[in-house]
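Here subunit A shows up in two complexes: once beside subunit B, once beside subunit C.
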Partner chain A sequence: MTTKRLLAATLVAALTCLPALAETVKVGVVGPFSGPFSGSFGEPFRQGIETYVAMNGQPADGIEVEFIYRDLQSPDPGRARALAQELVARDGVQYLAGFVFTPNAIAAAGISAQAKIPTVIFNASASAVVSQSPYYVRTSNTLPQVSVPTAQNALDKGYTTVVTAVSDYGPGVDAETSFVKAFTEGGGEVLESIRMPLSTTDFGPYLQSIQLKKPDALFVFLPYGPPTFSFVNAYRDNGLDDAGIAFVGTSETQEVDLQSLGEAAIGLETGYFYSAAHESAENDAFKAKLAELYPDAEPNPATVSAFDGTHALYEMIRATGGEADPDGAIAAIAGASWESPRGPISIDPKTRDIVQNVYIRVVEQEENGRLVNREIKTFEAQPDYGAAQ
Partner chain B sequence: MTNLHRSIGAAAVIPLAAVALALIFPNQQAFLAQIAITALVVLSLDLVVGFAGLATLGHAAMYGAGAYGAALYALHVWAEPLTGLIVGGLAGATIAFLSALMLMRSHGLTFLMMTVAITQILYEIVNKSRAVTGGDDGLYGIVMKPLLGVFEFDFYGRLAFWYAAVVLWLVFLLLRHIVASPFGLTVRAVRDDGDRVATLGGNIFGHRVALYTLSGAIAGLAGALSAQTVQVVGLHSLSVTFSADILVMLVMGGAGRLWGGLLGALVFMMIHHYAAEIDPVRWMLFVGAILVAIVLFLPKGLFGGLEALVNRLRGRAPA
Partner chain C sequence: MFSLIASILIDGIAYGLVLFMVSVGLTVTLGLMRFVNLAHGTFAMIGGYAAATAITALGLPYGLALICAALAAGAIAYGLEIALIRRLYHRPELDQVLLTIGLVFMGIALSGMMFGNSLVPVRLPEFLRGATDLGFRQVPTQRFVPLVLGLATLIGIWLLFERTRFGIRLRATVDNPRAAGELGINTRHIYAAAFAIGAALAGLGGVAGAELLPVEPYYPLKYLVLFLAVVAVGGPGNMLGSFVAALLLGTVETAGKYLAPDFATIALYALMLLVLSWRPEGLFRRTSKT
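Presenting the complex of A and B:
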């Protein structure tokens, strides 16, 4: 009788313990996992997440994290909202993450705000994004955040006149606006601001007209891939480097494109938030694990944004014990700071946006022939300068 | 009598389908709302492609005009949904009317090219007017007042779905009436043999402009629905890609039949959605294969195939 009762009690105890043992926290990740942007964002997102999980295991004993990936190839707010709604209502995710394009992130903000879903933005870089939902946190960057220190560096180097040439779309315009503001406030002069259509492939005419203006430097913002390749080559071919017009960029030499840029890239100076050549134990460990899991992958800024975003998710899950407590989760991550592969970073307690170092880097060739962004100067703890605008 | 029964039955299909979908997919109403809105655009496209026989890749111009029109109206004038819907419809109709005056003087490939050009001009205007439209960051901050002053827009998208479904239903009923009217018959006659209609004294240009404007108004309504329920309008709504997507849906469902447009939108979006869910990386391959299969085996589209199947089961010769 007693043994039977004991057995029953044990069984009941075991059964009630079971759900606690296998508690699963679901995270919906929305990004371009197929299509033209998968190489520069979707794959790095997945690699950053998987690398973090491989290095850190589960957030706490008895809490498992399940990532649910949803494909959103291009800016399509309607679909972004539908995916976020479905992940929350049907799949029961406690957290959302990802989002490359600003309109998509803003469309999902309504869901995040109303359903109280803490969301980590892995990319969408317009300043306004994070303010759209009280449950938004960002671990990438904004264009003002990297353009303002870049302008400061140009002033420090003694450049007094620049021409800006950016691709005519949201991020390009953001970069131009904040660079021009910082540069003119610092006493510099902007001779001309050129906005080039996104589809431009022949940059020769632009560069020739810039050459005639003889500025000290040329500030550039271009999106990933082919436009960057042809711009850099045109910069060399038209002899702007020999004419003494310095190249001032931000994300142009990032790792996803760097090796394909080839020798034309050597010597280019840019200001950005992550270089794979950043020297720290954290970066080495990150790169080693990434190389182990994905031998062909380059450590990109997008990979690191997702890696740190996963850290933010883990912090929130740990702080709330895996329970759905959105306000507790946000309170835990707002104001948090940690050592990322990119260097020290923190989440601003008020804006929930990232605060991070911006590095001035110059492209160098290593002995094995690979190109790297060598960090030569650090602007510490840069906020998003666009937030107040 | 049977005709009356049939038309009542046909009128009940959309409400019944909406109820069924809401029951089968209770937690995906924002997605269902997307389907209803897309079905409405495809329906409007069917008027131009199916009934007037004019292939266009510029239907997004009217959809986008409706979306931006309704969004700007909600942001700067009044956030009431129904008047916003009318504004969207008018915006679509205006763009359609103005462009039709030029478009309907051309034919075939020239027509197709012009529709693309007009869409791209609008796209660039909206892209450049960042102060008003937000450029490619999108136009956001839209918060709608309750529908009819009673129903609040919820994040589950329940109201969004029923709102879109009711508009779709009413437009469908209206279009059934119109395509069977003398106007609708003339439009089809123009499609089949324009010269003959002209010889008989019909006004080809006038009929085409009127039809294109009607179609633009409906696309504008769909755009307005999207702006009001998603609360963000992006440049996507004005893109040639979107125009091409809805054309694929129409061809897949069966152009020239109102049911075809509805079925095409429903099936295309379902396949897209679930294929992308099963394999977020390689799903485009499956979708491509399915499209090829439909084009190869069901040249009259899904609805044509369905009809043939029903006829065969009933032992009739294919129509």
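Presenting the complex of A and C:
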């Protein structure tokens, strides 16, 4: 259906502007388009790109963008490097984009640096990623970027003691480290830091032992999907909310999971960079177009990261007139700022990493029964605290 | 101190019963029928999806949804047994592994297509939500579902296998198929029925355990080791063995979470290692009755 329409559009475009033959700029997108992460990342990536293209057309007259999607299901550095190389050498892409997992993004950095391929990171959120190649730009977030304001908010709310419970993997440890640092520097006390194995299914015992320590709040970081679902239910069912232990999270209530969390999620407070309930004309336009193209899609942080990533690609393509000029492209995007569906964002001219607002949100139920992340407080223009250290 | 031990026992038993519910069917197929069924989790997942659909789309109450789950898993398993699985009973284990792991991948792809790649919650009725106060602590009310179902399953299976004509025929069939066949027992029918019962129990388990093991396309692959661990430690083919093994594994892992959070998963595997090096056949070996 879409390919047919695309074909028709290309044909019409080709016929109407016959003299100036359109130049094609190829962009290779690497992400999990099948497998267990396709629902939370691969599909949102594609939806974000397609939504941006549908809203903005082609970057300029005579320049056409072609997105080449390559499937990379899981953290697999060798394959990430091979895919990036293949896209550059065989498909002749001028730009790379995507990358969900940090190890994959780091593995592809060599290709980006050597072949001078400007690359927009749509997710991989370890601080170190962008510094790996001078041609890397990021439009998602870093863990310190969201954890530090979240810790600040916990201090502002008067919590003095906290237990942290994170999944025992790279991002979980990063989130724990930056939260603990910010919270203790602000005068708070961390009673215990628990790292739970990724394969944990029953969180009840962890929550019971946390309850015995009676902290003011519980800081959490878990991967999307099943662990978040089980943890949030266990938090309610073990009575931690009744015991007055506040839930302090980051990405746990993001839109892709929110509806399936159900009533257990109501009242949870998290600090993150995008809420589908963000009130702005840009977000409304984005959501309307997304709903038109993909009626079942949830506007998710990953969708917006890909949407803004596509904007970054367009800016670079426009600035270089579609020619291969990697340094010109990076110069054009470094320091750029624009209004995203998530709010105002910019690309740091030095680090090429994103600077954005972090919102404290609380889960509320709307009249139609749907759950939303209602923004209640804004920490403006947050940098990546991980890089500054 | 008392409350810590009590907490470990309560959480451990509740978790163990969930493990028992999701793996009891596997001990029928793997232990009794000696069919290496790696697709066991697929039937648990089918049960979960059936119950979730029955509750959200059809508005059925939770009890009926449980029955739907068992029926759906059992019926699909019955069809698969007739179409595919019965052809492999006499083939080497490797063939059985290849077929069932293929079924797992087909199950993942199909459920992803039909229900999406994110998890599907099985909505609980009002009276099962939230926490129940035990005086010194609270427990999730939902845990009473696997408690009741687990004990009922244990008794039901025991009655079915030891006290009914079907049970006698099944035991005869698995112990000596040829002799059983010559005595006029329809062994093909018995095998199909036993396979379907195993799957139906998995379906029930999928729903009862959905709070801890949420229903999603990768369910069958993610928790496969857990199911196999319970059956292996308990002794394949022995219901009571699976029951004891599930409680033991659940309690040990839970104790690990309370006492040494970073080593909780290792505790589970260390226990497996110990039990299986002491008794390679599992805690309770199934012996043929003569």
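One rule holds in what follows: the second predicted complex is superposed on the first by the 367 of 389 C-alpha atoms of A that agree within 3 Å, B and C clash if a C-alpha of one lies under 4 Å from a C-alpha of the other, contacts with A are read in each partner's own complex, and residues count from 1 in each chain.
The working rule: a residue touches a chain if its C-beta (ideal position, glycine included) is under 8 Å from a C-beta of that chain, and two chains touch if they have at least 3 such contacts.
On a predicted model such as this, the values are computed, not experimentally measured, just so you know.
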item	value
Combined model on subunit A: subunit C and subunit B, fit or clash	fit
Touching partner for A:S260 - first (subunit B), second (subunit C), both, neither	second
Which superposed partner A:D71 touches (first subunit B, second subunit C, both, neither)	first
Which of subunit B and subunit C A:S38 touches, first, second, both or neither	both
First, second, both or neither for A:K350, with subunit B first and subunit C second	neither
Which superposed partner A:A107 touches (first subunit B, second subunit C, both, neither)	first
Which superposed partner A:A115 touches (first subunit B, second subunit C, both, neither)	first
Partner chain(s) touched by A:G204 [first = subunit B, second = subunit C, both, neither]	second
Smallest separation of CA atoms, subunit C relative to subunit B, angstrom	7
Contact residues common to both interfaces of subunit A (with subunit B and with subunit C)	38, 168
Residue ranges of subunit A touching subunit B (in the complex, touch as defined)	33-35, 38, 42, 69-71, 74-79, 81-83, 85-86, 89-90, 102-103, 106-107, 110-111, 114-115, 126, 128, 132, 168-170, 173
For the subunit B and subunit A complex, residues of the former touching the latter	27-31, 33-34, 37, 127, 130, 135-138, 140, 154-157, 226, 230-236, 241, 276-277, 280-284
In the complex with subunit A, residue positions of subunit C that touch it	7-8, 11, 14-15, 18, 112, 116-121, 123, 129-131, 133, 137-142, 211-214, 216-218, 222-223, 226, 250, 253-254, 257-258, 261-262, 264-265
Sites on subunit A touched by subunit C in the complex	36, 38-40, 43, 168, 194-197, 199-202, 204-206, 208-209, 211, 225-226, 229-230, 233-234, 236-239, 242, 256-257, 260-263, 296
